[in-house]
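Take this structure, written in structure tokens, and hold onto it; I'll ask about it next.
Chains here go by letter, A, B, C, D, E and F, matching the order in which they are written, and residues are numbered from 1 within each.
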Amino acid sequence: MVIGLSMLLALASVHADEAVKINTGNTAWVLASAALVILMTPALGLFYGGMVRKKNVVSTITMSMVVLALISVQWVLIGYPLAFGKDIGGLIGSFSNIGFGLTDVGLRMIPHRISATADIPELAFIAFQGGFAIITPALIIAAFVERIKFSSFIVFILIWATIVYDPIAHWMWGGGWLQSFGAIDFAGGTVVHISSGVSALAIALVIGKRKGFGSTFMEPNNVPMTIVGAVLLWFGWFGFNAGSALAANGIAANAFVTTNTATAAAALTWMFISWYHRKPSGLGIASGAVAGLVAITPAAGFVTPLASIIIGVGAGFVCYYAILFREKKGIDESLDAWAVHGMGGTWGALATGIFASVGATGLLLGNVHQFEAQILAVSTSWTYAFVVTFILAKIIDRTMGLRVPEEDEDVGLDLAQHGEKAYS
Amino acid sequence: MKKVEAIIRPEKLDPVKLSLEEAGFYGMTVNDVRGRGRQRGIILQWRVGEYRIDLLSKLKIEVVVDDDDVDKVIDAICEAAVTGKKGDGKIFVMPVDEAVRIRTREIGKKAV
Amino acid sequence: MVIGLSMLLALASVHADEAVKINTGNTAWVLASAALVILMTPALGLFYGGMVRKKNVVSTITMSMVVLALISVQWVLIGYPLAFGKDIGGLIGSFSNIGFGLTDVGLRMIPHRISATADIPELAFIAFQGGFAIITPALIIAAFVERIKFSSFIVFILIWATIVYDPIAHWMWGGGWLQSFGAIDFAGGTVVHISSGVSALAIALVIGKRKGFGSTFMEPNNVPMTIVGAVLLWFGWFGFNAGSALAANGIAANAFVTTNTATAAAALTWMFISWYHRKPSGLGIASGAVAGLVAITPAAGFVTPLASIIIGVGAGFVCYYAILFREKKGIDESLDAWAVHGMGGTWGALATGIFASVGATGLLLGNVHQFEAQILAVSTSWTYAFVVTFILAKIIDRTMGLRVPEEDEDVGLDLAQHGEKAYS
Amino acid sequence: MVIGLSMLLALASVHADEAVKINTGNTAWVLASAALVILMTPALGLFYGGMVRKKNVVSTITMSMVVLALISVQWVLIGYPLAFGKDIGGLIGSFSNIGFGLTDVGLRMIPHRISATADIPELAFIAFQGGFAIITPALIIAAFVERIKFSSFIVFILIWATIVYDPIAHWMWGGGWLQSFGAIDFAGGTVVHISSGVSALAIALVIGKRKGFGSTFMEPNNVPMTIVGAVLLWFGWFGFNAGSALAANGIAANAFVTTNTATAAAALTWMFISWYHRKPSGLGIASGAVAGLVAITPAAGFVTPLASIIIGVGAGFVCYYAILFREKKGIDESLDAWAVHGMGGTWGALATGIFASVGATGLLLGNVHQFEAQILAVSTSWTYAFVVTFILAKIIDRTMGLRVPEEDEDVGLDLAQHGEKAYS
Amino acid sequence: MKKVEAIIRPEKLDPVKLSLEEAGFYGMTVNDVRGRGRQRGIILQWRVGEYRIDLLSKLKIEVVVDDDDVDKVIDAICEAAVTGKKGDGKIFVMPVDEAVRIRTREIGKKAV
Amino acid sequence: MKKVEAIIRPEKLDPVKLSLEEAGFYGMTVNDVRGRGRQRGIILQWRVGEYRIDLLSKLKIEVVVDDDDVDKVIDAICEAAVTGKKGDGKIFVMPVDEAVRIRTREIGKKAV
């Protein structure tokens, strides 16, 4: 038994030829990017935390921390094999050659099926992609802040990551059927943003509105906190997008520049729209930035800086009016993961099929198939994410209950669920 | 003795302090409050669209003075706090039975 | 038309030999540095935001975000060609070979005229230098917080970046006349700090004092926020200075160490001065750190760690007493960009001419010409920045008006201009 | 004299062959890691700052800034030679070949005795290790917040860094006797965490309890601030641990993944323990994360991801109950550096001797000697740190006085020592 | 005139505002306070273990009204603020000698 | 009934709470305020130089008690809050016409 355990806990294999093949520059960039991407989830916690009422600040930030902790463990145990293990029928990855808890990975290089050059350690890729697997479920927090039951939240996140995120990631990036069909997604417009944004809509419909929604306005408690969150998201997103080149090369640099430019363009667009309607809101500029970051994500490495401006401006419009639409429908998808990530991701995924000109070609360069592939990817991920999340949320609601008692909602989740006050 | 309790616009604190000082009243206690009245709220921006809040930031200033000084205090505050627009605030005058200076246990007039 | 558009949005050229020449380690470092530098502008927003009154927090932070967004777009469209395009008469860069919106850049390597080794993608350099172009105008926010009209602010920033920053950057770094003369500026003492600090003084004189300045003290609303801003500036500055080596080499490492050491020395100096006068202020330690960062900037790669201590101590003294001097003159350059960046940058630029001993030699090693070149660079950038900014500010003031109505200043810019409250 | 000075301030030697030997990818990663590690000390200031009472926030954060400033200078002047200079009798390093203020270092590569591959500039290593030398004394702040006299604090930190940290770092990493004996410490379980945690206990015993400790509860003033601190620690720790490979390779990637996984596991463990007792506390999750970061530190590069989960879970238990134990004993080691860093570091150092399987072998793979070496390292560093710190604290207490007057403690150190209020 | 000063649970602000409005009282001033009484504190979580705080977040609402309206105000507040558990709060009624509207210098009834 | 309103130094909250408790008064409402008086402000540090603020942090404690208990409350507060230096604060005693416990609608003595 002790021998068995020790085997499990020992390295499977150290590749003797590692030193020969590794590209330390690419590895350095992917490691730095992994750190940046992991930072994004607590940054999201701040972004969301500033927009809830003061009695739910600790709860909101803590949820982002819990997703970070939960999925960090889920990812090394089962998530990575499911998403990036050898393909089974185009649908899901397998544990063969990776093993439960990465027991077979050792210090080997990333396999060629994932990266053509295969010149970084697989563990660097695992760390980097772990950040994606973490932030995606965290985005859904937007849907149920200020009212979800903490235990149900944990169960939801764990199952959602396993049955929604891991498969979609596999389809698009792990050798699954969407990838085979030719759909492209540079850093997660479909895998990350559509999947989470649409799921947010689904669970928001199940959990229902916050008490008082529609009659009282839920005032944001801390605008600077939200802006700081947006800023750290912007910062981390350089790792997210430029790191997705898996190399420190021209594609990475291009993704870096398009990311920054689209974000800026979207922030300005949002500012001018809100100014046109009344006043240029700081919260709006921060929201616009996030919308731009979302929309450029699938396109970052495939488009030029000039195209990225168009994508950013489009993102500002699409997401701004998607929020207004959501409000008009009376749906309390409270912090707008659907409007910003679902709709922004959709716009970005389609725009990729239109403007792609770097390492791929889009509609504008005459490649109709690319645009079709993008539509397929968008519609499939919308459908899959919505249906599975809706059912999952319903099941949890019927069994454990998704929502806290009304009294706890009144008092606030900080006190009711965590026994804490944000500020003394 | 009376407590003069004035609810004013936050941006009027400095003029009111000055005006009271010139009228000879230095001691005061100030408190951040929120209030509503004729002003009926203001419109704020959200990330999209706008919303109305009805409880607005105000300051409450409390000055405890001799009965004879009440009018002087009211005048000093009103002069400095008025803008002429709804929301300028109110002054309430309330009776104080006794005043004590904690440091010396002096009471009454001498305490304030 | 569609063809024309698609051409514009497509990549001009993908260099087939990219893989051969690129140094991925240097590229990784420049990309990481670019992310760090871009983070500095919102960090500056926090640094400034903590020092204004509570009614202007959102306004101050938002202005930093708006500069980030505005110049991100300006830079790829026209700023980069003006600053780093092929030199025209020593004065300004041209669009030839870069194109509006970087249309001619593609994935090519940085040209030899900018970097001798030319082993990183030009887009990485564009991203990195974009961060400099962004933070420089943002520094000027110090001059007019709590009273500037938002629309005029936007116009000012856009024009200032184009007619002040871009030319000076060209003169010093883009192959312009100062560079030809032999002036050196490792990471922007002249280009970034003198240009912005002196301009802050000029516009402060035009816009005038805040209402109540001199009679009431404008209490800082959030000291921890300012310290956090200073900390993130310190962090980002490693990219700013060490990234300016454009390589992950000994010069970068030297710049890293001198940056940290000078900053520390300046923070301690400021602490002891303020302690000598009365008490060691936390705000003072943060301010001292920023002063040290500023002063070491032009020198970072050219001096030894020991010399960096002298530069840091000098920065503490120069900037501390520059603020006192500014106050005595009754000038409301509210958050002291002139005293810290203008004067700190001046001290640093001259100190570079004195202490340079790495890859260049200064006065102490007998190179009088270097010191003369530094004096020339300092005096030219002072004059140019002051005169142009003063005129620009005057014009905007006469046409659009630089200042909000008095009532808006009373109520605070958060409510008056953005319709927002920082905290609920 | 001027010549002498200029010599001192000039570079000793620029190695002509630098370009040949340097690995830019490794250098990029070590520089990025250095920036991350330096960020950790102010992050710690936020982590601590959120847990004190509101009247001591500026004081607590400022202390972290002051340690950063002080040790940054101490390190380049004397700390680095003492820790990493050529070994003298296994006990301490010497100035030969480094010189006061790094005067002999120039741009040369790191020596082979420190890094086998010797392919990064020594200054990059100095910057990176400087971050360790800075954060270690900063951790001790936990012991004496809300009551220490600022001047005594400065004296304590400077001497402590020189006579406790520098020697222990030398023993373990600089070629000293513990290293010779075979003890291993990947990124500082012994050198950083035991040394600081145990010293915190010692000085807490000397300075005594805060007024009111035991009768009134000292409510944390800002839970989000503490969580933000924990998050930035987590982020910076990737540099701390994965950077300790001194290369961007498989070991670094492994350390990255184990760091993240152990941290997550510890955060979850802490959450479930606190939930089991009453409610899942947000502060607890942040604390658990830090406990996990501490415990994985000595092991990060030596164990597998699966083993890191065990280490993380263990850290949650060990540190949680260590705090309870400390409280029961009525000791006011206020923010629990002993319980989290001392005990967490101890668990990690021993666990390294048990689970090591990457580049070293532990007990589970039959290597009893490794476990013995770890016990030796733990017990020596405990003893040395405790005894020397206790004596040092006593001396300072008798001469300068460690504590502020009672009235200052009542009013709070922000006002009393810094003349500042955190918030207006 | 009287000042009705009610200390209520913070989460009851919205219902109390509504209830007062329906009873015809719109103007009010609100203040964040902390209080203790029969409720005897609550238990909070620390990173480990728990602790008790005895001063709990409450809201103080002040409404100045005519003497005749006092009962209506008390009723409106009580109805909306009650939960039946300890800690629901108190109402104190205090005399007001004079009220002034800063904007217009109207006094008495007309001022509020 | 009377409301005893004490303005004290913030750091004196714990002793005052204790002292009141020992004198048999547990219920109270506490509020963060700023005040000025004889103390005439304090000097703070800025990044350079210093500045004076005249409104200092104080705490206002309100205890509503029976008329007979007023002196006991004053004594308890004074004893615990005094330091002997300017700025120790004041106590104001004000009449309360009525008290209501929201939870039970008890009034008068029974309500507090």
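What we mean here is this: a residue touches a chain if its C-beta (ideal position, glycine included) is under 8 Å from a C-beta of that chain, and two chains touch if they have at least 3 such contacts.
Since this is a predicted model, take the numbers as computed values, not measurements.
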Checklist outcome for this item: Chains in contact with chain B and also with chain C, listed by label, are A, F
Checklist outcome for this item: By label, the chains that touch chain C as well as chain E are A, B, D, F
Checklist entry - More contacting C-beta pairs: C-F or A-D? => result A-D
Next on the checklist: Suppose you list every residue number at the chain B-chain E interface; are over half of them used by both chains (same) or under half (different)?
Outcome noted: different
Checklist entry - Counting in whole Å, what is the centre-to-centre distance of chain D and chain F, each centre being its mean C-alpha position? => result 45
Next on the checklist: For chain E versus chain F, what separation do you get between their C-alpha means, in angstrom?
Outcome noted: 19
Item to check | Geometric centre distance via CA averages, chain B-chain A, whole Å | outcome: 50
Checklist entry - Residues of chain C that touch two or more other chains: which are they? => result 23-26, 28-29, 32, 219-220, 248, 278-279, 281, 283, 286, 418-421
Checklist entry - In chain F, which residues are in touch with two or more of the other chains? => result 31, 43-45, 50, 94-95
Checklist entry - Among the chains present, which pairs are found to touch? => result A-B, A-C, A-D, A-E, B-C, B-E, B-F, C-D, C-F, D-E, D-F, E-F
Checklist entry - Within the complex, which stretch of chain B touches chain E? => result 2, 6-8, 31-38, 54-55, 58, 60, 70, 74, 77-78, 81-86, 88-95
Checklist entry - Can you list the residues on chain D that touch chain A in the complex? => result 23-26, 28-29, 32, 36, 53-54, 219-224, 227-228, 231, 234-235, 238-239, 242, 247-254, 256-257, 260-261, 263-265, 267-268, 271, 278-283, 285-286, 289, 303-307, 309-310, 355, 357-359, 364-365
Checklist entry - Which positions of chain D touch chain E when the two form their complex? => result 217, 219-220, 270, 274, 277-279, 281, 283-284, 286-287, 320, 323-324, 327, 336
Checklist entry - What residues of chain F sit close enough to touch chain C in their complex? => result 43-53
Checklist entry - For chain B, which residues count as touching chain F in their complex? => result 3, 17, 26-31, 64, 94-103, 105, 111-112
